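Structures given as structure tokens follow.
In what comes next, subunit A is part of two complexes: it sits with subunit B in the first one and with subunit C in the second one.
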Partner chain A sequence: MYRYDEFDQQLVNERVAQFSGQVARRIKGELSEDAFKPLRLMNGLYLQLHAYMLRVAIPYGTLSARQMRKLAHIARTYDKGYGHFTTRQNIQYNWPKLAEIPDILNELAEVEMHAIQTSGNCIRNITADQYAGVIEGEVEDPRITAEIMRQWSSFHPEFSYLPRKFKIAVTAHKNDRAAIRFHDIGLVAVKRDIGEKNYEIGYEVHVGGGLGRTPFIAKKIRDFVPKAQLLAYLEAIMRVYNMLGRRDNLFKARIKILVHEIGEDEMRRLVEAEFAHIDAAKILAVPKQELDRIGAYFAPPNYESLPAESDILDKARSTDKAFDHWVQTNIVDHKIKGYAIVNISLKPIGGVPGDANAEQMDAIADIASQYSLDEIRVTHEQNLVLPYVKKHDLKNVYDMLAAQNLATPNLGLISDSIACPGLDYCELANARSIPLAQEISQRFADLDRQYDIGELKVKISGCINACGHHHVGHIGILGVDKKGTEFYQLSLGGAGDETASIGQITGPAFTGDEIVDAVEKLVTSYIDLRQPGERFLDTYRRVGLTPFKEQLYAPD
Partner chain B sequence: MPLIKDKQFVDDPFTQIDDQAALPDSPVIVSLARLQTEAQTLAARNQPLGVIIRADNIGKTKAGENVRDLTDYLPILSLVALEFPEFRNGRGFSAARILRDELHFTGEIRAVGEVAFDQWAFMMRCGINAFEVGAHVTLAQFSEALGELSKAYQPACDDKKPILWRR
Partner chain C sequence: MAQHATKTARFQAVTANTVQQGEVVYFAENGAWQPRLDQAIIVEGNEAAQALLQKAQRPDAELYVVNMYLFEVVKTKNGFKPLSVRETIRAAGPTTRLDLGKQAQGE
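Coming up: the complex of A and B.
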């Protein structure tokens, strides 16, 4: 993975010093909260319902074991012993004290981490496919591009005071695990034939996707941007947005609204015109030696030559049913023979989605050191990944995970839901999300039943801002406030992957007491309606909303 | 307001005048509208001329005035003042880069309005070389703000060699 050099480290250190000064001025009362706000937001520090919240960037979701140990240490020392992994591959601490923020940032800087640009109206943490580099069928490792974009977007002088926040995601695989079509800019690395069996790599560019109160699927405005021109093309998009994006209304300020208002064709025309100016200057083409330097950090490790199948694994599966379930559900094929991609579910039955305590983080770091070449990934669905586990080590890994309640075999199943922090933490929320996720996972705790239901993505947001991605849930749940009471609205048929779709609202909302029953009715309807091999989403797409709605609102 | 230009406090020879006001025999800053309607008269004066570009939410698209509307007038302009109507409105950063990179304007680009300590360094990188500052601001503070980040990752309008290019 990428390692800081002297330049990266120096900049992070300078930023910590700068922000420490600002915090000191705030504590002494020289800075008002109003004046401090834009400064703390540039450094990932929010003021939440009960306390400050610090959001730490995990660029493109890649962590070393050493970094994970540091995150555990921070949870233990400065917080209440846990952290929360988010849908944008970051980690949030919910209870830091303002006076200790500089210490936390210094500790993070020791392991090449920071909280820069994890909030504020700037380019946020760049996210990527969590299986980058280890999944079969990739054009290349998308983290090379993500790292270049990380550097380019860090302290960008022109784009740090945008109309609104700006999120970029990249994948290099036809299966979209990074929800790139729901980002301000989504990139897909693709190959283009240049004759004589040669090809060049470039990017398909999608613009103006997003969730929130007005969800949009991004529009593809370019089929191919050559690699050398990517930064120029990105600056063109950013400049069009910075000049024309609305600043008169906070809720209409994202680029998705601009694209919607002026239309896809006009957006494309404006970006191309800007691109022509910027590209002509030729100053944004990253030199090949720098591309190679960054690329080298993501070169494949020295894989061992292993047999495709492992007797040890097969034997363990045949004797340990729980382990067998976990392998069946949480393991994904690795592109290298004899290796496996391990998903660690952070959704134990009845747990808080995305939370991990310090002991769990330390255990994951130890497992990564011992069995996964020191590397861990964070997924946008709030789980973790060990990308380099040998098949014959899977049982050991499983046992170590199980000892920390980290071996829940539910990846992609109904209990693997995304939930925002909701009213338990968030100042914006209308309703609680976490307790609802917990109730749903308890209702469907029976594993055989979950397996029978199959892939079903439940996503829960506590308010219209949609941090829990409810628009792209196969079943989406949105908390709304009606005269001081929490209600939940259901939507069906959303998908955040390459078949991107936005869920349709079923009808009247349900009370907190009714909502889990309502979800169960939807599941029962699906089981009645499904044809062999169909997932919930497939059935929904075949039959539409009506049959589900009839069951959902039928009098008991 | 005190003015820092090219990292020094300087006296401001320019006066910003209303569209209806008579032109004094000294350097003036006029609105884009006045520049467009009175360009010939303004050019004929033997005095430096400046224009202010508004960035507040005006016009049909609420996107403020378009700096590219200056293209034909740049030869007669010594100064372009970019308005920053509030701290969070960063349109002027892009306007400055368009002036420098695309339109090759070499005169003074001045930031006016809500311009804060923490933005000076980025403004400088975008080609802004003059700043209206509050009465309390010292040159030491200004230098400190510019020096907080010693390096830059990406190219812009200044001579900082970007990290992405120099390793």
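Coming up: the complex of A and C.
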């Protein structure tokens, strides 16, 4: 994985020193809150309901074991012993003290991490497919491009005060696990035939997607941008947005609104015009030497030559039913024979989605060191991934995970919900999210029942900002406030993958006491309506909202 | 400034978060900021509430607290309680982690 060079390290160290001074001045009263607030937000420090919250960036969701140990250390030393992995592949600490923020940032800088640009109206942490580099069928490892974009966008002076925050995601696979169509810019690496059995790699560019108050699926404005011209093209998009994005209305300031208001064709025309101008100057072309240097950090490891199947694995599966379930559900095929991609569910039954305590983080770091070439990934669905596990080591990995309550076999099932922190922590929330996720997982705890239901993505947000991605849940739940009381609105049929769709609202909202029963009614309706082989989403797309709605609102 | 009380609110108190830790506090007697709602000054009527807020907003307040606002409370047989779920959670801690927040400290 990428390692900081002297410039990266110097930038981070200098920012830590600068912000440490600002914190000291705030505590002494030399900086007003009005002056300090934008400074703390630029450094990922929010003020939530009970305490400050520090959001730490995990670029494209890739962590080393050393970094994970540091995250555990910070949780234990400066916070309350746990962290929360988010839908943008970051981690949040919910209880840091202001005076200790400089110490935390110094500790993070020691392992090449920071909290810069995890808030504010700038380009945020760039996210990527969690299976980057290890999944069959990928055009290339998308993290090379993500890292180049990280360097380009960090402290970019022209884009430090955008009309609103800006999120970029990248994948290099036809199966979209990064929700690229719901980002301000979504990139898909693709190949273009250039004759004589040669091909060129470039990017399909999607612009103006997003969730929040007004969800939009991004528009594809370019089928192919050659790799060497990507930064110029991105800069053109950013420049058009920076010039024309609305600054008069917070709720209309995202690029999705601009694209919607001027239209896809006009957006394309403006970007192409700007691109022609920037590209001609050639200043943003990444030199091949630099591309190769960064690419080398993501070169495939020295895989061992292993048999495709493992007798040790087969034997363990035949004798341990729980292990067999876990392999069936949480393991994904690796592109190299004899290896496996391990998904670690952070959704134990009754647990808080995305939370991991310091002991769990240390254990994951140890497992990664011993069995996954020191590497861990964070997924936007709030789980973790070990990308390089040999099949014959899976039972050992499973036993170590199980000892830490990290081996729940529920990936993609109804108990694998996404949930934002909601009103239990968040200043912006209108309703709680976490208790719903806990109650749903408890209601459907029976594994046989979950397997029978099959893939079902439940996504829960505690307010219209949609950090819990409810618009793209097969079942989406949005918490709303009605005169100080929590209510929950249901939507159906959303999908954040390559078949992108926005869920349809079912009708009147439910109280906190009713909502889990309502989810169960939807599941029962699906079971009644489904045809052989159909997932929940397939059935919904075939029959539409009406039959579900009829069951949902039928008098008992 | 955030609005967490309606025009028809009967009883109100002033809350904020501390600069040092972001902890939830309530405006109390002698200009102090206290961690428990039962230590807060509760006033009746909108005029008294605005006067209380003005008193809390003294020039040096920002040294100690941020995000100051009025919120509505209701009288119960066990004393005053926040009206909204939001303020109930602020006063106690996360409902999903009873070992955290003021509820864990017996406050």
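One rule holds for everything that comes next: the second predicted complex is superposed on the first by the 556 of 556 C-alpha atoms of A that agree within 3 Å, B and C clash if a C-alpha of one lies under 4 Å from a C-alpha of the other, contacts with A are read in each partner's own complex, and residues count from 1 in each chain.
Just so we're on the same page, a residue touches a chain if its C-beta (ideal position, glycine included) is under 8 Å from a C-beta of that chain, and two chains touch if they have at least 3 such contacts.
Predicted model only: the values in this text are computed from it and were never measured.
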First, second, both or neither for A:F7, with subunit B first and subunit C second: first
Contacts of A:A51 with subunit B and subunit C, given as first, second, both or neither: second
Touched partner set for A:D424, first subunit B, second subunit C, both or neither: second
In the superposition, subunit B vs subunit C on subunit A residues touched: B
Touching partner for A:R239 - first (subunit B), second (subunit C), both, neither: first
First (subunit B), second (subunit C), both or neither touched by A:I527: neither
Partner chain in contact with A:I505 - subunit B first, subunit C second, else both or neither: neither
First, second, both or neither for A:P435, with subunit B first and subunit C second: second
Subunit B and subunit C footprints on subunit A, overlapping residues: none
Sites on subunit B touched by subunit A in the complex: 57, 61-63, 66, 87-91, 93-95, 97-98, 101-102, 118-119, 121-123, 125-126, 148-156, 163-165, 167
Footprint of subunit A on subunit C - complex, ascending: 17, 19-24, 60, 62-63, 66-67, 83-86, 89-90, 93-97, 100-101
For the subunit A and subunit C complex, residues of the former touching the latter: 26-27, 29, 32-33, 47-52, 80, 95, 97-99, 352, 423-425, 429, 431-432, 434-435, 438, 481, 484-486
Residue ranges of subunit A touching subunit B (in the complex, touch as defined): 5, 7-8, 10-11, 14-15, 17-18, 38-39, 42, 121, 148, 151-152, 154-162, 231, 239, 242-248, 277-278, 281, 283-284, 286-287, 289-290, 293
